[in-house]
Each structure stands twice: as structure tokens, then as C-alpha cells.
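Encoded as C-alpha cells, here's the structure I'll be asking about.
Chain lettering (A, B, C and D) follows the sequence in which the chains are written, and residue indices restart at 1 in each chain.
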Amino acid sequence: MLADDLNSFPTVPRLSGSDLTRLEQLLANLRERTGTFLGYPVAKDFDCSALAPFLDLPLNNLGDPFAPSTYQVDSREFEREVVAFAARLLRAEEDSWWGYVGNGGSEGNLYGLYLARELFPQGMVYFSQGTHYSVSKNLHLLGMRHIMIRSQASGEIDYEDLRETLRVHRDVVPIMFANIGTTMTEGKDDIGRIRRIFQELAISRFYIHSDAALCGFIAPFLKPRPAFDFADGADSISISGHKFIGSPIPCGIVLARKRHVERIARSIAYIGNLDTTISGSRNGLTPLIMWLAIRQLGEEGFRARVARSLEVADYACTRLQQAGVAAWRNPNAITVVFPTPAETVCRRWQLASADGASHLVVLPNVSKGQIDCFVADLAAGGCR
Amino acid sequence: MLADDLNSFPTVPRLSGSDLTRLEQLLANLRERTGTFLGYPVAKDFDCSALAPFLDLPLNNLGDPFAPSTYQVDSREFEREVVAFAARLLRAEEDSWWGYVGNGGSEGNLYGLYLARELFPQGMVYFSQGTHYSVSKNLHLLGMRHIMIRSQASGEIDYEDLRETLRVHRDVVPIMFANIGTTMTEGKDDIGRIRRIFQELAISRFYIHSDAALCGFIAPFLKPRPAFDFADGADSISISGHKFIGSPIPCGIVLARKRHVERIARSIAYIGNLDTTISGSRNGLTPLIMWLAIRQLGEEGFRARVARSLEVADYACTRLQQAGVAAWRNPNAITVVFPTPAETVCRRWQLASADGASHLVVLPNVSKGQIDCFVADLAAGGCR
Amino acid sequence: MLADDLNSFPTVPRLSGSDLTRLEQLLANLRERTGTFLGYPVAKDFDCSALAPFLDLPLNNLGDPFAPSTYQVDSREFEREVVAFAARLLRAEEDSWWGYVGNGGSEGNLYGLYLARELFPQGMVYFSQGTHYSVSKNLHLLGMRHIMIRSQASGEIDYEDLRETLRVHRDVVPIMFANIGTTMTEGKDDIGRIRRIFQELAISRFYIHSDAALCGFIAPFLKPRPAFDFADGADSISISGHKFIGSPIPCGIVLARKRHVERIARSIAYIGNLDTTISGSRNGLTPLIMWLAIRQLGEEGFRARVARSLEVADYACTRLQQAGVAAWRNPNAITVVFPTPAETVCRRWQLASADGASHLVVLPNVSKGQIDCFVADLAAGGCR
Amino acid sequence: MLADDLNSFPTVPRLSGSDLTRLEQLLANLRERTGTFLGYPVAKDFDCSALAPFLDLPLNNLGDPFAPSTYQVDSREFEREVVAFAARLLRAEEDSWWGYVGNGGSEGNLYGLYLARELFPQGMVYFSQGTHYSVSKNLHLLGMRHIMIRSQASGEIDYEDLRETLRVHRDVVPIMFANIGTTMTEGKDDIGRIRRIFQELAISRFYIHSDAALCGFIAPFLKPRPAFDFADGADSISISGHKFIGSPIPCGIVLARKRHVERIARSIAYIGNLDTTISGSRNGLTPLIMWLAIRQLGEEGFRARVARSLEVADYACTRLQQAGVAAWRNPNAITVVFPTPAETVCRRWQLASADGASHLVVLPNVSKGQIDCFVADLAAGGCR
């Protein structure tokens, strides 16, 4: 019997006409809505059409991408290439790193914090006010002690508050949750400076996780290069795949120092399994999506995307200011912040708002034309 | 400016010829490997071709599918229909349930246990020896006390051991993790019987989670109907989407009593957010995949799939026994267990093995012809 | 300048005549006292005269014997041979073990319990009533939860009490402290039987430490071979060097599964050091003493020592019984237990006593002549 | 029967010729290597030849040296004299102290910290950055809260940082771990000054442990006399025997206020034993080695050793500076610090290095001739 015969399943009933119509309608609506958002940090210029045939297969990247598996309908080889590309970009020392493609930046953060907890069960997590709310959810899930530190107006952590808070907790190992691009203002914590604070306080044991959801593939191309990666002292880093890189499915890359992961692996070994991922059964399509982006763009392609985004972000900020809007952005940021405009404008452009501020995230797909269009609309609608 | 113009991004560079070849080669390999596995509980007869166009869109089912969201490029309306279909099938009382489509059965179990921990922080989790190893991982993640209970040979929990163990821990609220189909033998714990044990011991507060990864869409159609769902007393249920239902991406449906989830929502409220899902950013494609299956098959379609699987499973068991193999299966199970055959046979059919036993999982796509082919191969290769 | 010149120190003043006399007197007294003890488990038939010249050197086996060291005045090469010999005897799998020569059985037990605590910080230690008091001291030092289990009259643990106690604590990982020869009666816990109890109770994670202070080099030569070593499931084993082997300085060998030790090593790495031993600066003479014994005797020499001891122990037991003393011993034990005799007899033969019982430990140096002499004395002095 | 007859054991087989050769080769190698180290704080000018005959005896200083013991093959009487000598030197009030000879400075520190934990289970340990890594290991073993305080360049603790840190933890009893000679620079913490800080902060309950591993027998002879001993307020003191005193076996003397030890004795009493030492079975040879040194040298002999060491240390510092090396030493220190020289020089003289610095420890056996030799070598090899 041939494999082909083995694949000849009983036919699945076809979708009814009305259902098909609903699906087509959804597609049309989504296309339209996709056109008009500027407020979410989600790139739209990806091309995954080459992956459509894979929708026929029961893909499953079971367990650790670097461990052998009996289940072979997977894309783990491509996943390893993706993770290796990111490891190089984030200056991990050769053979000293481990990672996988997960379901998004949030899972990557959960993973980093989980590693930190296994290493320092009594550790104290520090993170700034600008940190995404999902981090608090994760800390609650993991049952970790934590302290929220003040943010500066830029969204960057308030180093003085951090120093003073660390000072009164020098008996517990600090677990630093660093934002490499906060959600609202793209503020970046400087982990070099944070490590100098540790040094001043004679804190020799610590853990640093970089939440580089948005900026993981931006920061390596900036000048000056922000202090955020493995060479700068990070123990683990989380990057979103569906933000700056672009993906039809939320996904992310998480990287960590191998020796930390081996420590977890060992603690799981008693359970009789070496799976160090969080999910077990894992999406096999998203590694291909990431792989596609990496092969299509290469390091130079990403560099060009960053340059383009920065240029348009600068343009947007200037144009808004010219239009009388109190817009601003952090140095080298692609996020432009301004007072929340009228409700209608917010709805049309799907702007999120918090504490009276809204933002554009100028991803590589955003053109100056779109900015013009938005500024015109804003000028017409006025600020709230 | 029209939405169309807003969607005209700078073109993504095309994939190189050699990369394209690698991708085509992967596709070919995966197709071949898909043909020859019988040992994994993964249905192959799904048809998602209608969803290919959605791979162009930055879909993201952000947060709770039942809460409003400003991000509108999502399939949350379809997700709600999927969850509602499952709630009906699992006999949840109207308006008393909540749920979402997550990344697989493991996430569903994590969610159920998390709910239980929020309700009963000092609770003790009980689960049988046959439980999937990922549950121990999740319990470690959540920091929950737990006791492993003996299994019967069938894979069903040993009720006597459970009773005696509960008896010495009557001061802590039991959190029952029930297997509705263990990984190796498809043993099903009877939550009706478990509740009677609680009653005998005058235990009035408890939590029951049903891990119905494989059998969530099978058990409702069996006669007698196993005791496992909301009407039987479950507080939360996890079902895999990529097992019996079939999906190119691992996914799952998790359902829980609404009042439990509201309780979590409350405890998360101090974070300032009502997102009760684990991930935050969520896959928008898998709800469509589930929706497609549900609309294509309907309840009757699923009933027919179950009947067909049981028939072929019975055929497989008989044929193996006739060939001299000590095969067996639990009543109404689609899993056929037998002594682990020779290495070459295991590799060819991607059979997992544990403690000297292997199994076929007779999903709806498995035909009698394939069974014949397997039995012939086994007869030739011999048992280990 | 030559090394010889570098070694020409200013002369140390000589000892005064009276001090010299005191030292000579001590030596004479100790020689006499050595002759007349039968109640301590301390072999006297060793010959370390070849090591006298090493008393001139500042020996120090700094840190882990298997890690490189800049301090080179050590005997770590010989230490590794000693540990390897013991690993073979105790059936450790090749390349899967680690160990060192420490300051005695008590340090070995502390080390094993420390490893267990690092692996299972919430684990519960179980040990029998017959356990040496230093174990309680160590548990207090380490801050570990523990439960004392009843002993049988033989000194072996009461398996029924163990089972029932484990049953009510199935939510915490058990850390079994097994006696392979209790101090008073040389009762040996059967770790095979203990593991079967774990299995019955579906306890899949546990740690077993064998305190083989006296019997570590006896048990491997017994028929039937007691279940106590790595092949039987021990995670760590402690053996005294100054008991059955014989040494002028208390010492011991501790062995553990390498993966456990690596786990500790990693947790210490954050301190900036890979020293996994307890002491740091370590005795360099005792590894040479152990090495000497191993090279002088070899495996066959130890086998002969065991045979001789058992024969004389049997003789002693019989002779005492013939003399009307209610003496007994465990099967294959070299310890003969009897009611505590008169004070004068106890003092003369340095007999320890507890709960009305005393014992002879028939080490290889004990002759039938000595036994006769002791029995005669006892007969004259009578029992208390 | 005579004791002599009782001592006539069966003859131990002789060592084979090749083994004997290996032993002789080791001895020769060690002698050579001993000649060429200057970087380790280990005196070489001891003469223990008088103790060779004791290698024939099963010496064991079981338990507390001040409590009665039935095992009489010990040197506990001599041990008590050693401890008494040290107690006088360290100005313990008569009858108010207790101590024993243990396995080295590290055990002494463990003992002091253990005492402190028993007295103040919730106490916070403070120690400077220059503290030996084994202290962190011990704190981990004991499970004690601790804070590392900044060091000054000299290696002495930063009193300002200490004061500020104490200020924020005035609710927990401080346990001061004072270095009386740090490993790298021989920085000495001033416990008088530390007590004044306690006083300023109205901290009336505290514990001070002096780690005088190197300087325990140096500091009493210095002018001005450093504040470090019992009269200065220490609660326990640890001294190494194999550092300044000199010993072929690592050993140490630990001393503590008697009332603290009695408190531990009480807490151990429930175990049914009054053994307050850590080991139980203890080395009987090292007390004799210490006794020998004390009787050979007397207080005056030690005073002379200190004077000689200081003179040669001063000479070494000057000569290095003259040779253009940026050498320095703390006032009254025998440790000379300088930039780490070339690899070959480090290897030849067994120099340890940390953070780019190395050191000579000018023990009494080091002559000006050796210093000349080293400086010449360094000048030839150059600094790294």
C-alpha cells in the first residue's frame, strides 16, 4: 500500500453556501479593518502565501525543538534556524543559548520569569509602571513576589526609585523585568545602567529578562545600540513575531541562557520528560512564518525596515506637531505619542488610549501618505 | 484615501529559489510522513483550504472573546460560536459557562487548574498515574500541592486508592483532575463515581476538571454516556482541537463555569484588566479552523465520525488478536493497545511506547485497509 | 635558585623535654587503650607507615577532586582513584557518578541530605528509630522536615509504619534516609522493598540516601547482597573510612549521582565558584590512607576481610550464648548484641550501651582469642 | 592476655612495588611543588615528625572535647590545651568560652553562623564583598537571610554602606560576619567601629562572628591591635590551623562564648545528645599538630613569626615597587597585592588571581632571598 493510499481519507462534507458567504464576508471586513489601523504595533507587510499548502497537514512541533522526537510531521528544523538567527542578532554566545518559537511575547515573558523563579524561588521581581498588564498576570500565575517601580515620563524605568527600592531589599535576589519598548511610549530600560546599580549595591546574584516584544528586531540596528541583549547581560529575551516582524498568527521567539534552561530541564526530568517548553504540542506553522520573513529579508532587510520606520515616525511626529498636536516620541522610537483625539478618530484608526494619551506605531508598512491622511483626519476631528 | 491604498505596502522581497525548494521539499516530506502514522491521536481528515486567504491578515483575537475590544482584525465572533457549540455538547447550563479557543489541551488544563487554585488556594490536586506528564509540569508552574493516585490496568483511576487518600486529607479541598481518555489506554475516570466518594466522606467543597483532550467530542456520542461533563459535575473541561476534530495547528477549547471565571476576573481586576485568558494575543485562525469543522460536520457529522472510529477500532483489535497479538481496548475506546513491536515497525508507523506497550489511535481518517496494512507489517516484523 | 633552597625554612624550635615526654606518654596510653576495645566499630589493622613523610607537606585537596585547581600540593589524583574504586563496588553506572573523600560518614550523610534538599526543597525526610543521632543534627542544620519511623527489633525500619506514614504524606516528595547497618544492631533497610512501597503508593519522585558508614565495604560481598547501592536505586551513599576499612584519622567516602551534583554545582555557580564539596580546604592525607588500603587489599582482600569478620562474629555469638549470655546478631552482621554487662567490664572493653544493650563489633582485626578473653572476662564479671 | 597480644592483628598485605613507586613519586613531586608557591596563605615551616607513630592508631576525638567520652583513643586533653591557648590569646573571659579543633576555617565559620542562627533564627547576616565564597555556600546550607555590603578598595567593609543598610533593617537582629583578613587583600573589618554603628542605630541585640582564618594568630601581636576578638565584642571566632600556624592537614580552631554554645546544646538536647560539634567523629591528629606548634613556639615564638613576616612583607612590597610593579599592602598586612603577572609567572609560583590582581602571602617561611627570586622572575616575565 502506498503512502498516497494511506492519505485518501473519507471526504469531509463541504461548507454550506451561507457559511461560505459568512466566511467571505469576514475576510472582506477584516481586509477593510486592516487598512485603517495605525495604533496597534502590528506589521501588515508579510507574505505567507507560500505556506497555504501546509494548512492541509497535522503539523505539530512537539516539545523541545532541539531534542529528538518520534512525531515527525513538524517544522522543527526550520524553527531551529529561526531561533539561531535571533540568537546571533541578540549576541548570544555560541552554544550558550536555547530557545523556541512560542505563541507570542507574553508566553516568552512567562518563560523568562519561570526560569528566574526556578533559579531564585525567593527572588523579587522589579518592573516599571509602563510594563504591559500581562506581566502582572504572569507573576500572579507563577506566585512570584514583585514590586512595581515608577516610570519616567518617557516610559523608561525611574532608576532612582529602582536603586532605592533595591537598597531596602538587598537580602533577596532581584529579578529584573526590563522593558525594551513599553507598550504606550516605547520607553527602553537600560540594562547596562541597571547592572551598574546592582554593582553599586554589591548585589552579585540577579536575573535580567528583556521584554523586547516590539524592539527585539529593531534595537540591534539602532545607533547607539540600546543595552538590552545577551552581550549586555540579559538572561532571557522575549520577542514578538507578529509585531515588528509581521505574522498572520500571534507568535514569538523566546531565548535564554542554556545553563538556566538545563536547570529547569533537570527539575522536570523527575517528571520523566525533558520537555522544557511551556505548551508541549506547539504550532508548526508560525516557525515557518518566521523563517519565511527571515529568509525573505535577511539581516539587511530588517536593517532597512528599521531605517524606513524611523524615517516615517520622524515624519509623523513633525507633521503632527506642525498640525498643532502635542506629539512626541522617544529617541529612535517608532511610536509617536499624542493626546487622545476625538472618539470618532479613535474608532476609525483603532487607536488605543490610556491616561489621555494615544499613539501611532509606525511599522514598516506605514507610508508617509497614510500619515498625511491620518493627520488630515485628526485636524478635521480635533483632539478630545 | 481608500482602504485599498492604505493596504499597498512596500513589496516584501521574494523567497530565493533555493529557499523555495527547501520549503517544497519540506512539504513533500511532511505529506509522506503524514501518511504513515497511526500511533498519534491526530486526525488528518480536515479541509482548511477555505482559510488560505486569511494568511494575509494580521489576525489577533486579543483577550476575552466575550469582552469588547478596540482591535478589530479578529475572528472572535466565530470563536464564540465554536465555544457555544462545545458548551451545548458538554451540557453546560445556558448562560452559566465561559470559554475560549486556546493553544491546545495543555493550555486548557493549565487554565482549569489555575481557576481551581484561585478558588481554593490551599486545595490538593488528585490525578491518576496515567495522567499526561504535562499536568505535572503545570502543577509545578502553578505551585499546587498534589498527589498521584494509582491507576487500574485500564488506565482508569483506582477509586479505592482515591478514597483512602482523600480520607486522610479531608481538611483540604480536593481538586480532581479527571482523565477523560488517558494518553496510553484511553482510560476514562468516572466523575459521577468520584462525586459519590466525596459525598461518602462528607466533602462538600471540591473542584473537578475534566481533561477531555481526546474524548471531548467523542464521549457525548457514546452509549452509555460517560460521566465527564458539566451536567455530571465538571467545573471546567479541556478539549484538544487537533486530536479528534483535526487541525493543521494545535489548538483547543477550554470551558468553565462562568462564576469561577468571574472570580478570577475579579482577582485580576486589581491589575486593571479583565482579560481572563492566559495568552492575551491569541491565534485568530484556529477558531476559524474549529468553526469550519463544526459547520462542515455538525453534531450529526461528529456522531458519524465516532461511530466509524469505533467500528474500525473494533476491527483493528480483532485483526490484531487474530494475528496472535495480545491487543485489547477499553469499552468504547478508539485506542487499541498491544505489546510494543519491533523497532523498525515502531519507526515506520511512528508508534510511541511506554512500559512495553504501544497503541493505535483509530481516528476517523483510519480505514480498514490501513489496519490490514499495519497488521501485515506487524506480522512480518514481529513483536519486540 | 633551586626548589631546595626555597624549602630551607628557618628552623622551628624543638619541643621541650617535658613536652616530649607527655607526647610519648600519650602514645603509650593510646596504644594500650587501643588494645582493649571491642565495642567501637573501628578497625585497627591498617598500616600507614608509608605516609609518615607526607606529614612534612602542606597538603590540601582544595575543592572538587574532579575540577582543575591552581593549588598543586594535593593528592587529588589518588583521591579520584579511591572514589572510582568505591563507585565500582557500589555499582554506579559509568560516568554517572561523582564523589570525594570527606571527614567521615557524618559529612557524607550531610552531603546526601543537602543534595536531596536542593532537589526537593519541600521534601520530607524519613528515617528509622535506629538512626545515628548525628542525622537529626544534620536535619536541624539543613532545616529539613522529617519524620522518625519505628524500627523493628532487628534495627531494620518498620516497613508497615513507613508505608502508613508515606500514605498520609503523598503530597510531599519522600527523602529516604536508609541505614545500611544501624549503630547498635547493624540493622539494614532494604531499599528495594522501600521502592516497591513507593510504587504501590504511586509515588514517582523520591530520593534515597544510603548511610553505609559501617557496611559500605561489607554489603557488596554478602550473599544475598543487600539492596542498598546505586544499582538498587540509591541516589547517594556515604561510607566511613575509619570503620571497616580502618584509618588513623576519621574519614569517609561520599558518592552521588552526577546529575544531582551538577544541579548543586549550578546553583553554586552564581556564587562564582564550582566547589561542590562541603569543606573547601580538604584533608589530603586521608585520600592517601584510603588509597593505601585499597591498593594493599584490593577487592579480594576486602572480600576476605568480610569473610573473616563474619566467621569470628558467628564464633563470638555462639561462645556468648554458650556462656549463658543472651547474645544475638542480625543475619550476615558483624555486630553481636547482648545485655549490658557490669560497669567494670564496660569500662575495660570500652563498651557503649543503650537501652540496656551493648555490642561487640567484630572487625577484621578481632581474633577468636580476643573473643575468648572477652567471654571469660564477662563470665567472671557477670551481666549488670 | 596482654594488650600486646590483643594488638597482634593479621598482617596487612604489603603495597606492591609499582604502587610504592607511585607514592614515592607523588612525595617527590609534592616536595618540588611546595617549594615554589608564594600565592597561597599556607605556612610551610612546621615539624610534625614527632607525630608519625600516631598514624598507627585509630584516633578519634569523638564529640565535645570538654564532655566525657567512653571512646578513649583520643587526644582530647591536648585539644583542650590548644583551645585554651587560643582563648587566652583572643582575650576570652575565663570560663566563658568553649571551642574545638575542627577541619578548617570554613567549618569554624559554619559553626559561628550556626550558633548565630540558633540564637536569632530571623537574623540578617551582613558581610562584605571581599568575603570568601565559602561563606555564601554556608549561608545557603543554613538557609540564612543575608546582604552583601560594599567593600573599600582595601578590602575592609564600607561602613557607610553598612550603616545605611542596617538602618533599613532595624527590625531584624544583625549577624555581622567580620573579615579579619580578607582572602585577596587581608582587609580587616573593625568590629569596634561596627558596634558603634549598632549603638548609633539603637540596635541592642546583635551577633558578631570574626573570620580570623589567616590573622587569628597575627592580629593579637599587632600594634595597634585590631578590634576583632572577644574583648572587642566577638561572639565567635574562627582561625585556620594550616594558614599562619602551619599544618600538613587543613584544620582550624573555633571559639565561641560558652553561653551561646550551651544554648545550642539545649536545642540539640531533644535529640538526646550533647554533642555540639559539627562532625561527631573528629580528627585526633590535628589537635596534636596544633599542640606541637603551640608548645614549640609559645606566645613569644608567634610574636617573632609575626614580626618576621611583616618585615619580609614590607621588603617584598618595596622591592616590587622598585621593580616598577604597582604593588601595595594594607597596614600591618603580610599580603602584598599587585597586578596579575604573565601566565607563566602565575603558574610557576601558583598565584591565584581575581579581577586583575594577584598577591603574595608572606608567611614566616618566606625569606628575602625568595622574594628576590620572585621579583627577578616577575621582572623577566613582565606583568600581564
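Before moving on, here are some points about what is shown:
As a working rule, a residue touches a chain if its C-beta (ideal position, glycine included) is under 8 Å from a C-beta of that chain, and two chains touch if they have at least 3 such contacts.
Molecules present, by chain and UniProt name: A, B, C, D = Histidine decarboxylase.
Just so you know, these numbers come straight off a predicted model, no measurement behind them.
Graph distance from subunit B to subunit D, where chains that touch are one step apart, equals 2.
Farthest chain from subunit D (centres taken as the mean of C-alpha atoms): B. Interface note: subunit C and subunit D, two copies of one sequence, contact each other through mostly matching residue numbers (shared numbers exceed half of all numbers used). Centre-to-centre separation between subunit A and subunit C, using Cα means, comes to 56 Å.
Computed from the mean C-alpha positions, the centre of subunit A lies at a distance of 27 Å from the centre of subunit B.
The distance from the centre of subunit B to the centre of subunit C, with each centre set as the mean of the Cα atoms, comes to 52 Å. Not a single residue position of subunit D touches two or more of the other chains. By the touch rule above, subunit D contacts subunit C in their complex via residues 1, 3-10, 12-16, 19-20, 23, 26-27, 30-37, 39-40, 42-60, 70-75, 77-78, 103-107, 114, 133-134, 136-137, 140-143, 240, 242, 246-250, 267-268, 271-273, 275, 278-285, 288, 292, 295-297, 301, 308, 346, 350-352, 364-365, 367, 369-370, 373. Taken together, the subunit B residues at the contact with subunit C in this complex read 124, 128-129, 145-151, 161, 164-165, 168-169. Those residues of subunit A whose C-beta lies close enough to touch subunit D in the complex are 167-168, 170-171, 200-204.
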